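Across the two complexes that follow, subunit A remains constant while its partner is subunit B and subsequently subunit C.
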Partner chain A sequence: MDATTNCVLPRYRVVRDEAACTGCAQCVRSCANGVHRLRKDPDRIVINSRACVNCQRCVVFCPELALTIRPWPQVGTGSSTWTAEAMADIAKQAQTGAVLLSSMGTPAPYPIYWDHLLLNASQVTNPSIDPLREPMETRVFLGSRPEILKINERERRVVEPLPPQLKLDVPIMFSAMSFGSISLNAQKALALAATELGTFFNVGEGGMHCDLEPFADHAFAQVASGRFGVDAHYLNTAAAIEIKIGQGAKPGIGGHLPGEKINSEVSRTRMIPEGSDAISPAPHHDIYSIEDLRQLIFSIKEATGYRKPVAVKIAAVHNAAAIASGMARTGADIIVVDGFRGGTGAAPKRIRDAVGIPVELALAAIDQRLRDEGIRSMVSLVASGSIRNSADVVRAIALGADACSIGSAALIAMGCHQCRDCSSGRCNWGIATQRAALTARLRPEEAAERVVNLVRAWTAEIQEMMGGMGINAVDSLRGNRLMLRGVGLNEKELDILGVKYAGE
Partner chain B sequence: MTDATHTLDAGKAEAAAGTAALTGGTATGEVTLGLAHFKEANEQVRKALASADAVVVRDANAQRYLGCALPAGKSLDILGTPGNDLGCYLDGGAIVVHGNGQDQVGNTMNDGAIVVHGRIGDAAGYAMRGGTILVRGDCGWRAGIHMKEYAGKRPAIVIGGDAGAFLGEYMAGGVIVVGGTPGDYVGTGMHGGVIYLRHPLSAESIMDGLIQELVGDEDIPQLAALLAAYDEAFASEGPPLGGDPGSWYCLRAASARPYGGLYAH
Partner chain C sequence: MTRRNIPREGEVRIPSGCAIAGIMDRSGARHDGGDILRSIALMHDRSNGLGGGFAAYGIYPDYADLYAFHIMYESREARAAAEAYLEHFYLCEKQERIPTEEHPAIKNPPDIWRYFMAPHPMRLAASGLDEAEYTMQHVFHINGKIEGAFVASSGKDMGVFKGVGYPEDIGAFYRIGDYRAWAWTAHGRFPTNTPGWWGGAHPFTLLNWSVVHNGEISSYDANRRYVEQFGYDCELQTDTEVITYLFDLLARRHGLSQQMAAHIMAAPSWREIDAMEPDRAAFETALRTVYASALVNGPFSIIVGSEEGLLALNDRLKLRALMVAEKGPMVYLASEQAAIQVVCPDAENVRSIEGGVPFVVQRDDVAAAKAGEAAENRAVRDWPLEHEVGVLPRKRREA
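On to the complex of A and B.
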């Protein structure tokens, strides 16, 4: 056995029900990983299970339902320390000497605090509200609120101009996903959906492709450490600007979009040469302190005439509350906190799985800290990173968020099956890829319709849950932790979350 | 590296020095900043620029963001000391500083020219993708960090004096010229562009993945153009940088994919 001998066993076994299979070869066309191959003479389809990443494209599209993906059946060692995965990781590194790269949110079984928070409902003492009959406000505004609102009552107008505000018809936005990490078709789907829903998508750190400019009124433009595609036009085209300090899936590190993903379109949008690595440094090299963050926020405000809200996104980390307090004082209009289960197109596996904290705890701590300091209304707070359904949105708002952003959930609506192989660039669902044959599989209008359906369904559920609590506006739910009770949590956790135990 | 699609912006820098208001523009505005807050100061400058293409800014006292996103056809002549982020997102305009600059001169600039008749602070030209920065004297740390070039744009920074550490870190394109001595860690993570040095680095201070050699024939036109731009801008203020460009050294990345082998899936 030499250094390159591959000791890593396959992860999946692709099983074909020969009785059901008609040999139509749809699976061969489905799989960009070359798992299914057509052999002539005799005609048969052979399977290379080793190449399967469990994206389930072939399973969904097999007209005979003849395919199943199973875990590789090899029995483990019986050790819960040296699991098959732990040993496979070591083998890969022994063979390559390389940093392990992975994608999407961590699959590791950390506690999911959403599942320990139960919602309240009205019984007897105050009536619940039926959202089908009564108005139920889901609109929220994001931006800094002035300390005092001066109103000329006779003329019915605000005396001093308000800081810029974003109007969201639903308290759900789409997280930053760059062109390069996802396909332009996937971005277009999010742009169409955001426009239709009256909310916002985020072009991520890769610049704004000209095809997205018609949707710019519903776009956040992101400014990250690589400053890809950032110029005065970019900043002024978008509805709002987000400075990306960190991302939940990979706090504290930058990013490398590998050269093979920098095709001519990506190059044009990022304004960098084709084929060279796009490197985002770990820090912004003009931000080494909170004062420097203020400097960047105001350079963006100067460049946009103080007409656009500036958001700052951080990964949920140990001192998130103190950091957020500093951010609120630097002039940020919106704070985005992204939890460690958030997705990514590519992140070192160890960082994805070991760095950062759950967004539930970070969000609660930030909201509390800002309230304690009397500066909560200076900023809006957006939570992201593992929002899975409408109940998570309600929980997040009750913990203090003004709105949530969804990334993985929106991609799943478009077809993503969470195979976590995005970094290979061979996404069979046409999402995390730049290959023309694969991106053509995702038609923006159809994908947008699925995303719109998802958010509409969640909104209806949010209205029902709020109605059940006797609350008729998202604004009245925000930070209303009395609507939450904990189960299966210790005192420290309840304390940080600021909720009582169920039964209290 | 001097392929025809890239036009070096040395000419623009000369033009900037030439057309700026102090040296005789046509419609010239004027503002005096004194101790005005940056917001007010920039408001005044923008107002003056609305009615004049060239504006003289007097008595600048560290006000930030002067010339932010200044478009082509507009110019500022600044007397005093402009603050951080001078000419951030510069979009084709021209800025001349008759004095020293502070940190992040030309941050994320897209096009245009900045000429500083003095020295500047840290992180000049961070992520710039076009235009030219000429500095008569020294610069602080991290000049030209993450500079990039793209399509017809090739940004350039010329530092007449010494440069601080981390010059051209992560550099992805463009040109940096240093007449004096650069600090440590020149070009760490560099994966594109070129750094021209009058004084070569010692062998042990050349970072991994970089190659230093005497400039080649293909380098000489762009280096000579930048040296000439510098000499013209600062003609009356000290010894010229120019001379024999053939005696300069260049520093380049061995690969445009420095991290190609870093990861395994």
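On to the complex of A and C.
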């Protein structure tokens, strides 16, 4: 066995029900990984299970439901330490000498605090409200505010106008996903959905493709350490700007877009040469400290005439509360905290699986710290990274968020099956790929409709839950931790989350 | 009842339903407590004997420029500690036991005192606070730190008389018929638990504010965590307490009118705002944006008393009853219409308070003075500190 011998076992076994299969070869056309191949003579389809990433495209599209993907049936060693995965990782690195790359949110079984937080409902002493009969307000504004509003009561006007605000009809936005990491069609779907829903999408760190400019009123333009695609036009086109300091899936390192995904369109939008790796530096090289962040925030505000809110996004890390409080004081209008279970197009596996903290704890700590400092009402706080459903949104708002951003959930609505193979650029769902044949599978209007359906369904559920609590405006849910109770949590966790135990 | 096994207010959140009433003479003429007593007594069934009380404005004209503290003590040690504390920070003109009358239904009352005081001028100046803020801090200290002492009220020319019992019995116990006030409010309580603690009865007060409330707000924790940012310690965990602090924050500290403060707390819906003409919509949007966490949600009806007069407010959906009627300079408010008619059978303009629309009654002289004031709010923190320098406030020295 030499260094190049591949002793990594396949992860999946693709099973074809020969009795059901009609040989239509839909699976052959479905799979860009070349798992299914048509053999002439005799006519049959052969399977290369090793290449399967479990994206489930062929399973969903097989008209006869003849396909299933199963785990590779090799028995493990029986060791809890040297699991098949632990050994496969070592084997890969022994073979390549490389950093392990992976995608999407960590699959590791860390606690999901959302599942330990239960919601309240009114009984007897206070009526629940029927969202079908009464207005149930989900509108929120994001931006910084003065502590005290100066008004003229007689003339009913504001004496000092507010800093710029973003109006969200639903407390749900779409997380930053760049052109390059996802396809333009996927971005267009998010842009269409955000416009339809009255919320915002985020072009990510790869610049804004000209096709997205018609939706710029609903776009965040991101400024990351690589500054790809950033110029005055870019900043002034978008509705708001987000400075990306960190991302939950890979705190401490910059974005990484492999050269294979950089075709001419991506190259033009990012303003970098075709085929070259787009590697964002780990830090912003003009931000080595909090006062530097202030300079960048105000450079952007100057460049945009103080007409756009500036958000700053950080990964949820150990000291998030203190960092966020510093950010609020540097002039950030919106603080975005991204939890470590959040997704990514590509990240070193070890970093994705080992760095950062859960967004629930970071969010609770940040909200409380800002309140201790008396400045919570003066900035907006957005939570992202593993928001899976409407109850998670309600929990996040009750912990203290103004709004949530969803990334993975929106992609799943478009077809993503969380195979976590985005970095290969062969996404069979046309999402995390730039191959024309694959991106054509995702029609923006259809994908947008699915995303809109998802958010509308969540909104209806949020309204039901709020109504049950006797609350008819999301304003009264924000930071309302009495609406939460913990189960299966220890004292310290309850303390950080600022919630009581169920039954208390 | 000895000190309980059941947690009291502040240790646990206790929802309750209630009866509330208010009577005011706009002209400023003063009336004894007989009418308010009869009005609240009529609503006997809305309380369950676990709390009742009254707030009265204009009862101490001889000491009108001094802070009148009503303090309840559960022990002699508590009184000694509180008095030592007050002596340090205030100059006391007069202190006495509040006269009470034994009543068969009133069991085990605390020792209840009142003090007429001016802030110690040197300590006030050294604190860097204005008088109101200074007084608020000391009230918070006594209530939070001195075991067994509770400041029932701390305003000027006003006072609160409250305790555990039906409101009519509490009124008799305190002999409220002996006091004459231009505004009275009353509260009868129906708590779902039995804390049996006098301090937990209502009205709740701070400085000149008194609040009586019927309802259970669902926004409690959002409101609490909002005001706590600004130094309001929600020790009692009650709706009334947090509503009082919201008024103090918005009206006193931020300099907004009481009506505007109430408007913020029961803001128009986005649907209504979207239908407004653009300038008005922008104004309402700014209010809702800056004061999003001051929105009070869930069923409530409140009557707020202050040196200006009374203010009544219902939640936006109008989930709690509150009636109003007038007769000459008199204004009557009550949870039930009958409670108005029992004291003023020929009351006019009997109607219910509209959901989300503040109903404001100002004393005539206050209304006249306000008409001449600037329409722009000025935050307290932007005013220069004007401390009295003598031992007693100027007016008292001259008197």
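Just so we're on the same page, the second predicted complex is superposed on the first by the 504 of 504 C-alpha atoms of A that agree within 3 Å, B and C clash if a C-alpha of one lies under 4 Å from a C-alpha of the other, contacts with A are read in each partner's own complex, and residues count from 1 in each chain.
In this section, contacts are C-beta pairs under 8 Å (C-beta built on N, C-alpha and C of every residue); 3 or more make two chains touch, one makes a residue touch a chain.
Keep in mind that what you see is a predicted model, and the values were worked out from it rather than measured.
Superposition of the two complexes onto subunit A shows subunit B and subunit C fitting side by side, with no clash. In the superposed model, A:P135 makes contact with subunit C only, not with subunit B.
Residue contacts after overlaying the shared chain place A:G470 against subunit C, while subunit B stays out of touching range. In the superposition on chain A, A:A437 contacts neither subunit B nor subunit C.
In the superposed model, A:P273 lies in contact with subunit B only, and not with subunit C. Touch criterion not met for A:C210: it reaches neither subunit B nor subunit C.
In the superposed model, A:D231 lies in contact with subunit B only, and not with subunit C. Once chain A of one complex is fitted onto chain A of the other, the partner contacts of A:G479 are limited to subunit C, with no touch recorded for subunit B. In the superposition on chain A, A:A20 makes contact with neither subunit B nor subunit C.
Between subunit B and subunit C, an angle of 100 degrees opens at the CA centre of subunit A in the superposed model, to the nearest 10. Of all Cα pairs linking subunit B with subunit C in the superposition, the shortest spans 23 Å. Those residues of subunit B that touch subunit A in the complex are listed here as 38-39, 42, 64-65, 68-69, 71, 84-85, 88-89, 91, 103-104, 107-108, 110, 123, 126-127, 129, 142, 145-146, 148-151, 153, 169-170, 172-173, 189, 191-192, 256-265. For subunit A in complex with subunit C, the touching residues are 122, 125-127, 129, 134-135, 137, 139-141, 143, 145-146, 148-159, 161-162, 165, 371-372, 374-377, 469-473, 475-483. Across the interface of their complex, subunit B is touched by residues 92-93, 95-96, 98-102, 225-227, 230-233, 235, 256, 258-259, 267-268, 271-273, 275-279, 281, 285-286, 295, 298-299, 302-303, 348, 421, 423-424 of subunit A.
Contact residues of subunit C toward subunit A in the complex are 13, 15-17, 192, 215-216, 218-223, 225-226, 228-230, 253-257, 260, 269-271, 279-280, 282-283, 285-293, 295-299, 316-317, 319, 375-377, 379.
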